[in-house]
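Below, chain A partners chain B and then partners chain C, in two separate complexes.
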Partner chain A sequence: MIPRPRPERFRLRRTMMFMNAQRPGLIKDAYIYGVDSIMLDLEDAVAENQKDAARFSLYHALKHIDYGDTEVIVRINGLDTPHWQEDVRVCVAGGADGVRIAKCESADDVRRIEEHVLAAEKEFGVEEGRTLLMAALESPKGILNAREICQASERMLGVAISGGDFRKSMHVRTERSGIEINTARSLMLLAAREAGIQCFDTVFTSLDDEEGFRAEVELDHAMGFDGKSLINPRQIAYVHKTFAPTEKEIATAELYVRSYEEQSKRGVGVYTVNGKMVDIPFIEDAQRVIALAKACGVYHGDL
Partner chain B sequence: MQIETMAMAGTLESSDVQVTVEPGTAGIELRLESSVMNQYGRAIQKTVLDTLKRLGVSSARVQVVDQGALDCTIRARVECAVFRSAGISDKNIPWGGVVQ
Partner chain C sequence: MKNAVGREIPDKLLTGGKEVYQGKFHMDGKAYHKAGPVVRRAEKPQESKVLGSIREACEKCGAHDGMTVSFHHAFRNGDYVTSMVMKVLVEEMGLKDLTVATTSLGSAQDLLADYIEEGKIIGVQSSGVRGRIGEVISAGKLKTPAIIRSHGGRPRAIETGELSIDITFIAASSADDYGNASGTGGKNNCGTLGYAVADSRYANHVVVVTDTLVPFPNMPAAISSIDVDCVVVVDAIGDPKKIGTKEARVTEDPRNLMMAENCARIMAATPYFKDGFSFQTGVGGPSLAVNRYLEDYMRERGIVMGFALGGMGGNICDLMDKGLVRKLLDTQDFDTKAIEHLAAHPDKHLEISTSEYANPANKGAYVNKLDFVVLAALEIDTDFNVNVLTGSDGVLRGAPGGHPDTAAGSKCCIIVTPLVRGRMATVCKKVVTVTTPGDCVDVLVTDYGIAVNPARGDLIECLDAAGIVHTTIEALQEKAYSLVGEPDELEWEDSVIAILEARDGTILDVVRKIKPVEL
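Our next item is the complex of A and B:
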């Protein structure tokens, strides 16, 4: 038995890689890739007549495989299926760090899952409140209800858009520029930041289109996403590289934080550094950059 | 648990194991094939028998075709096959009870 530590609601989640929970060959060594979170899938990757087998396989993976620091989240079947209640039970009993709610459309959906999670925590003697939640927004209704979904529970760690289903419901195809889901991404980001939770972009499915993948990762980073869902280990490195602060960003952040400490002792609130005005919002951002650099393992200073 | 009908769980993919259970007459009759029979045959047999015992299965014909599965995968597949055989694999599984 591998007891997993209490999940952290806020942690580094640049990459979340999907793995079919029904396939032992995939889940047995998922931690070796260095991904921030793995997403064991009970939903679309598992055939309808193997849902039961996937749960047994998931339970034993959670209990017996040491995933180390890799976060383990489980994507459960939607509320419109006969599967989600047992999915919730097995996630909680196995000690998964979090549950990803597929096709989430309202705060009520989140609360319904939360009720069952709490009941399962009581049933299996798991610490109440331990199991985190995240929601996948896959429809126009889900996106338009992003605000209430993001604020629905103290267990919510973040929201993610699911591009395949969303594009289908909007009658659009994947465009190079991302124009077809730009509004949805933006609305979801606003709602997540308002609620103070994380926000993740959808998978990039054309595995052979390396250039397109890189362009999308850069777009995600520029838009302010915290991370991205992935379907293949070879996509991990580029996301980690793109989402880590650059040396120049780190140096500037250090300069801001140090100068602020000096200036505020002297009672100065706004001042200039290298010809640029600096005040509190810059300092808060600089502190965020340093915290991110530390989490990414690229900070070597002493702040 | 009683093995009432024939049931199967698992696949023939690498790292998986396919387990078939059928009603038996004389205790547990186990037939085992494995890609790693020489190294792990006895360990696999023990895992299968221990799991059946934990589930309270005392009579069954069991076929196991192993492709190098971990212990936890073997347990998962045996349990799923037995629960399927009893027609109760879909809900209210005793996680952490007889399933562990």
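Our next item is the complex of A and C:
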């Protein structure tokens, strides 16, 4: 049995890779690719008559495989199915780090899952409050309720948009520019930032369209997402590269933080660095950049 | 006597000046006389050297019991000529006690396994032994131990006279009636004939076997008519479609791609990765995929590869066509694209012999100019010794090829392999057979992590500076054993069925007969 440490609610989650929980060959060592989180799927990837088999495979994987620092989240079946209660029990019994609520539409949905998670934690003697939650918003209702969903529970680590279902409900196809889900992405980002939780973009499914994938990753980064859901290990490297602060950003951040330390000792609040006005919000952002650079393993300074 | 990689070599094999392996470059600077073939003068003008049949050619060249014949394997699994000729020698002419010295053997030559079992073939000297031939040799059916040599070791043995060839039969895609022979310009093209060049110059008799006779002069030609005794025209010399086995395809497997990407990252982190650098890769899944990632790094740095060496596939040709490689020095073409590319770009895609490629006994083989080589392995142990010859059951099923040569010559030798294959640990405590000594291996890339040979402190610093995480090879071996368990030692009988020569001609290891399993 591999004991897993208590999950951190806020940690680096640039990449969350979906894997079919029913495929031992895939999930036995999914951590080798260096993904931040793996998302073991009990929902869409698993056929209706294989749900039970997938739960067994998932349980034994969670119990016997050392995933190390890689976070292990499980996507459970939706609240409109007969599967989700048993899914929650198996996640908690196996010691998954978190549960991804599929097709989440309201704070009540989150709270319902939370009740069952708590009950399962009690049932299996798991530390209460250990299991994290995240919500997938897949419908207009889910997006429009993003505020209450984001604030529904202390277990909530973040929200993600699920593009496939959302686009279907909006009667749109995938557009290169992202215009068709731009509002949804933006609303969700606003709600997540307000609640102080993380926000993730949907998968990019055309594996061979490298250029399209890169453009979407860059868009996600520019919009302020914390990370992205992935379907193939090949997609990891570019996301990590894009989401890591550049050398120039790190150098600027270092300069701001150091100059702030000096200036504040002298009682100066606002000043200029290289001709640019700098005040407290800049410093907070600079500190965030340094923290991200450290988490991405690209910071070699002494701050 | 124990050699430098800790292998016990039976004293009875150490006769006639044969030594055990004593570390890389042990033979450096040693002087020797080059061997010369016995050549019959063709002073009187003859209009044509074309003969009616293989048998006629064999008779003209004085085929006899106990002789040594040689072949090349540029057609790999699609080769027809080796079996065709051996059939004539054994079945039509009734010859026996033959030694076959080929550049490699595979399933295309399965017929030879019968002749080994019948005792007609008593000696095999080859780079690789696969398929049924490997099984019968491992079962102790060959009268004398097989001698396994690298692609560089073979021309070394020919040029020093250790391997003396009575007749070589060279499958050539095109030839003129005087014997100028090439791997292109015919109906079945194999591309470069680099494997056959040493044989053409050092064998006592040279027979060119072709299916496309072209007007004299067939030039440029790898095989010069001044070395050729006779030419035989047959229906087909081989099937080029069977050259590229599945192992030569570019992988889409994310595990292989991840390892390939790490190889490229490591290369880009060393000081050797600069404009004009040189590179060779094998044809295993992850090794071949390195090309894809190298392209990104070359473009990012604005640099171009000076030359690529060894076996060529379509993807390295693509890199050249994109302007990212200046020269291809080609010993083997792995697919149709590379074969056509060789013919189409005689100015920069160049045919080289295996002596030029890798012979440690000449005055400087091209492997010595190699910056990087990325190679696969069946097994690698915690001393970084690599096995690419014997399977986990101890049976011959692989080929050193250019592995030991490029590992020894290059500045940075990267081995790329998954940590486990099925139930077998690839990274282990002791490889079954040492084919490439650990003192030539610098970095190991697996799907579970990277390890650098502690002897290469400079490379460790490079990786650290680039933020490339690495561990020890012992940690990887322990991880492998934790996943699949520790294998029992193989059980052998005393008799040696194959001698593995180091590229310098010393004995690196021996393969013994495997004890039959009793259940």
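Throughout what follows, the second predicted complex is superposed on the first by the 303 of 303 C-alpha atoms of A that agree within 3 Å, B and C clash if a C-alpha of one lies under 4 Å from a C-alpha of the other, contacts with A are read in each partner's own complex, and residues count from 1 in each chain.
As a working rule, contacts are C-beta pairs under 8 Å (C-beta built on N, C-alpha and C of every residue); 3 or more make two chains touch, one makes a residue touch a chain.
Please read all numbers here as calculations on a predicted model, not as lab measurements.
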item: Overlay on chain A: chain C relative to chain B, clash or fit; value: fit
item: Partner chain in contact with A:S57 - chain B first, chain C second, else both or neither; value: first
item: Which of chain B and chain C A:Y33 touches, first, second, both or neither; value: second
item: Chain B versus chain C as contact partner of A:G163, first or second or both or neither; value: neither
item: More chain A residues in contact - chain B or chain C; value: B
item: Touching partner for A:G94 - first (chain B), second (chain C), both, neither; value: first
item: Which of chain B and chain C A:G25 touches, first, second, both or neither; value: first
item: Touched partner set for A:P7, first chain B, second chain C, both or neither; value: neither
item: Gap in Å between nearest CA atoms once chain C and chain B share a frame through chain A; value: 6
item: Residue ranges of chain A touching chain B (in the complex, touch as defined); value: 23-25, 28, 51-53, 55-57, 59-61, 63-65, 82, 85-86, 89-90, 93-94, 124
item: Chain A partner contacts - residues on chain C that touch it in the complex; value: 254-255, 257-258, 261, 447-448, 467
item: List of chain A residues in touch with chain C within their complex; value: 29, 32-33, 232-234, 237, 297-298
item: Chain B residues within the chain A interface of the complex; value: 9-10, 13-16, 69-73, 75-77, 79-80, 83-84, 89-93, 95-96, 99-100
